[in-house]
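What follows is a group of structures, each given as structure tokens.
Shared between the two complexes below is chain A, which has chain B as its partner in the first and chain C in the second.
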Partner chain A sequence: MNRVRGHLEKPSRILAALVFALTTGLAFAQANLDIDTPAIRALTDAMKARHTELTPFYESGAVGQAASGNLVLRDAAQVALPQRGRVNGLIAAENADRAALYREIARANNHPEWEADIRATFAARFIERAPQGWWVEGANGWVRK
Partner chain B sequence: MKTVGKVAWVTGMAGVLAACVTINIYFPAAAAERAADRVIDEVWQLRKDAQPPSAGAEKTGETQ
Partner chain C sequence: MLGIGRIQYPGLVLDDLKIRLSEGSATVDIGALTLGSVSVRGLELRCAVFEWNAEQIRCKRGSLRAPEPLSDARAEFAMSPDGKSGQLTVGLAGGGRLAAELVSDGLTIRINGFDLKFLKPWLPDFAALSPKGTVDCALKVPVNARPIPAELACTLTNGAFSSGDGRQAGEALALDLVASAQPVADGWNWKTQLDWRQGGLYVHPIYVPAPARLAAQGVLAADRIRVENMDIAMAGVGVVRARGDLSLASFAIGDMELAVEAEDLAVFGPRFLAPLLAPALADKLTFEGRAHATATLAMGRLTTVAAELAGVSIGHSGFDFVLGPANGVLSWRDGGSGSVQLDISGGRWQALYFGAFGIAARADTESATVEPVVIPVLDGRLRLEDLAWHREAGGWYGEGRAAIDPIAMPRLSAALGLPVMGGALSAVLPRVRVRPGEIAADGEIVIAIFDGAIAITDLRLIEPFGVGAYARAEMKAQGIDLGMLTDSFDFGSITGRIDARIHRLELANWRPVGFEARVESSPGRYRRRISQRAVQNIGTLGGAGVVNAIQRSVLKYFDSFGYRRIGLSCVLKNGVCRMDGIESGRARPDGGFLIIQGGGIPALDVVGYNRRVDWDELITRLGRVTAVETAPVVE
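On to the complex of A and B.
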């Protein structure tokens, strides 16, 4: 009995070491993504400054969080005519910054090919995290949270 | 013969585990979600909406 156990010990020890090494590697792979670069910070600062201007349009339902990870003017009638140009400008600027943000995060983590996955992840989080009253694009179209 | 079987088994298991790791390295979805949440916290400033506990509402649970 003892001889059998002794015989099994070595491979199982090797396996335990392998499992440890690989799960450590797994933990590494699941470590945080780097979002602390000058380019990313410049983008988030610009988005933060723009956010106060966009908030009333999120709340009125004029602008919604699209499934694409962009902003969309979903109800222009909610915007007074003189303001429409301003809203369109804000949306275009925000979408340009979001696109740059997704690209920069992928690049900062040495995987430019992750850009589309990062966009999809952000799209889902923007929709999930949107406060009550905002409009978001779900699987079955636009809904008010 | 037994040893050959075990080596094959260990190699096989290592291969399976390596495959799992490869999938995770491909796109770290959980890490990306955390990154997105950090950015959203920063840009939308949602955390500031949460009311900090007032100083008067201190717990006096520990009695002598």
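On to the complex of A and C.
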């Protein structure tokens, strides 16, 4: 009896998990990641303005794109000593804006629960779109593109 | 071969000393040389010329075989046979020089031009920080150490160090160190003064530039330094006092008590507080006042913090917000509770000033509760009650109640830079929820104004502290007296009453960016007149064609007109207001939509023809017609 139940339960559980994964995945696949709201515009404008200031630090390898969707101070030694605090502030401000952006895109899609998926998608996007020479965090740690 | 065994001076020990002689030359083996806490093993000195007679033992043209920085160094010495006087010179790697002289009252060692990178083999933990720089030192060790202490004076120039990841580093360092030490039973009693003259230090995430002065005293025993009293003074910043212990081998802090006297938070705040507490806002936060803080560490871990604030103000330049001056105390205990007790003498957000209030809160790692807060705002009060916070995976969540006791609108509108309006603003918000990136309020804010009322409900502030901050709300206005409204805005005069509903109002930077609004005449019997100037201004707002040509000729003969109904809607989206009139969705034969339906004598219809109006343009025109006292121009 037990054996039969076990035999029946296992595929049904797998099926349930599959259906769940597919439906949530499908639902999230419909998310509009390029949705435009005044808040998203304000955030992306602020990020664009900051990008110019951060570019030399991406290029030197001081700052890298982490798998978490955040920026990380990878190698502070690449930054002139008096500027290290400033770079740390830029990274913190960028990460705060990114967190707000992920939340806002989820909100604008009327699915606040998609925030984590949106973050993961953006993390992959930031890493994929990073130009050659920048440092990104892959499955096996930090690599220079 | 001659075995001497051990020669010992205070602070310097030579162990397992052997001399091998061969025809005018000699080899001196030193099993171990111990200077203070540093030990070097396996030294071998080959003297090309070796003299030994009744007056002296002398080594000339010697070369040393030893670990760096002594390897292949040139060395010469001469000493009296009784070992009570002598000289030693050693040429160090990198061009440095060590000269030692032993006379009857003591030993003097001078080191000149020693490159710190050669310390690597001796201090492996220190070597991980890649030390660089040149050191000049003079050490005097009396033969009879009591009561005369050993004295050390050192100067570091072009000093630098860095951990592998650059999170601990120093550059262009120049400092002078003076120290004295006296041997006691279990080590050395020491005293030191350090004058840091140039360079900068970075200890993530804090950067500190020179100068600073340090004075300290304590006991050195085996591999630990006990600091009994240390004062670090930085001009304009304050003083740090500390006592504690430090492992010499790993430079790790053990137990420690710290007291910080921040004499000027305007300097101390941006340098130490902002990078630690709010790095994202570091360039926008401003500080003023003084603070005294104490902290304790156990095994290098922060266990308690207490701070006393005196006249402290904190501001955010981006929001034009200032809170303070504040006096009070903050305390925190590792794994336990924290508390805040502050008396805040007031504050300002843009031109809106608020009065004195107190904050009392208690917190632990998972939750926090705040005592009721009553903030005077102009002649009213903002009350926050039953505020409780708890921590979840995504951050801190809070809930409480809020209320605004009536604030007179004439004062509030003046403070907000709006035309002076009568009435009062009050609010009852029985449930206010705070979650990461969002503040939401149930209940309503009521503005009793223009003899009617505006109710704001479903208020949500989204990302309130970021650049993408915006607010969402529902608004309803009832029985607004148009006469009072138009007088306030200097628009010309309209008598009558309106109701309005603004659905899905969205404000970014406190400016509307989206809504579905509808304004229409309130039901009921009341006088309905519109002045010539108001008609003219509506014309200016709506663009050409609002008042048709036939009516324009009527306009100049009368000061005011009767009307039956006003109705206007605007759906704002993407900077464009889509307009409609009294009869939604219905156009007149000429394509226009009726905004004001005339009635009585003389009567006048106001018709709009432009259904898509640029919002910014509309606001600019509204600003123009309400701000400038223009004489009506009648065509």
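Criterion: the second predicted complex is superposed on the first by the 111 of 145 C-alpha atoms of A that agree within 3 Å, B and C clash if a C-alpha of one lies under 4 Å from a C-alpha of the other, contacts with A are read in each partner's own complex, and residues count from 1 in each chain.
Heads up, the rule we're going with is that contacts are C-beta pairs under 8 Å (C-beta built on N, C-alpha and C of every residue); 3 or more make two chains touch, one makes a residue touch a chain.
These figures come from a predicted structure and were not determined experimentally.
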item: Partner chain in contact with A:Ser68 - chain B first, chain C second, else both or neither; value: neither
item: Partner chain in contact with A:Arg103 - chain B first, chain C second, else both or neither; value: second
item: Partner chain in contact with A:Ala77 - chain B first, chain C second, else both or neither; value: second
item: Which of chain B and chain C A:Ala42 touches, first, second, both or neither; value: second
item: Partner chain(s) touched by A:Ala93 [first = chain B, second = chain C, both, neither]; value: second
item: Those residues of chain A which chain B touches in one complex and chain C touches in the other; value: 101
item: Residue numbers on chain A that touch chain C, as the complex places them; value: 38-40, 42-43, 45-46, 73-79, 81-82, 84-86, 88-89, 91-93, 95-97, 99-101, 103-104, 107
item: Complex contact set, residues of chain B against chain A; value: 6-7, 9-10, 13-14, 17-18, 20-21, 24-25, 27-40, 42-46, 49
item: Complex contact set, residues of chain A against chain B; value: 11, 14-15, 18-19, 22, 25-26, 29-33, 35, 44, 47-48, 51, 101, 105, 111, 114, 117-118, 121-122, 124-126, 129, 131
item: Touch list for chain C against partner chain A, complex; value: 162, 164-167, 169-171, 200, 202, 204-207, 209, 274-275, 279-283, 436-437, 462-463, 466-470, 506, 508-509, 513-514
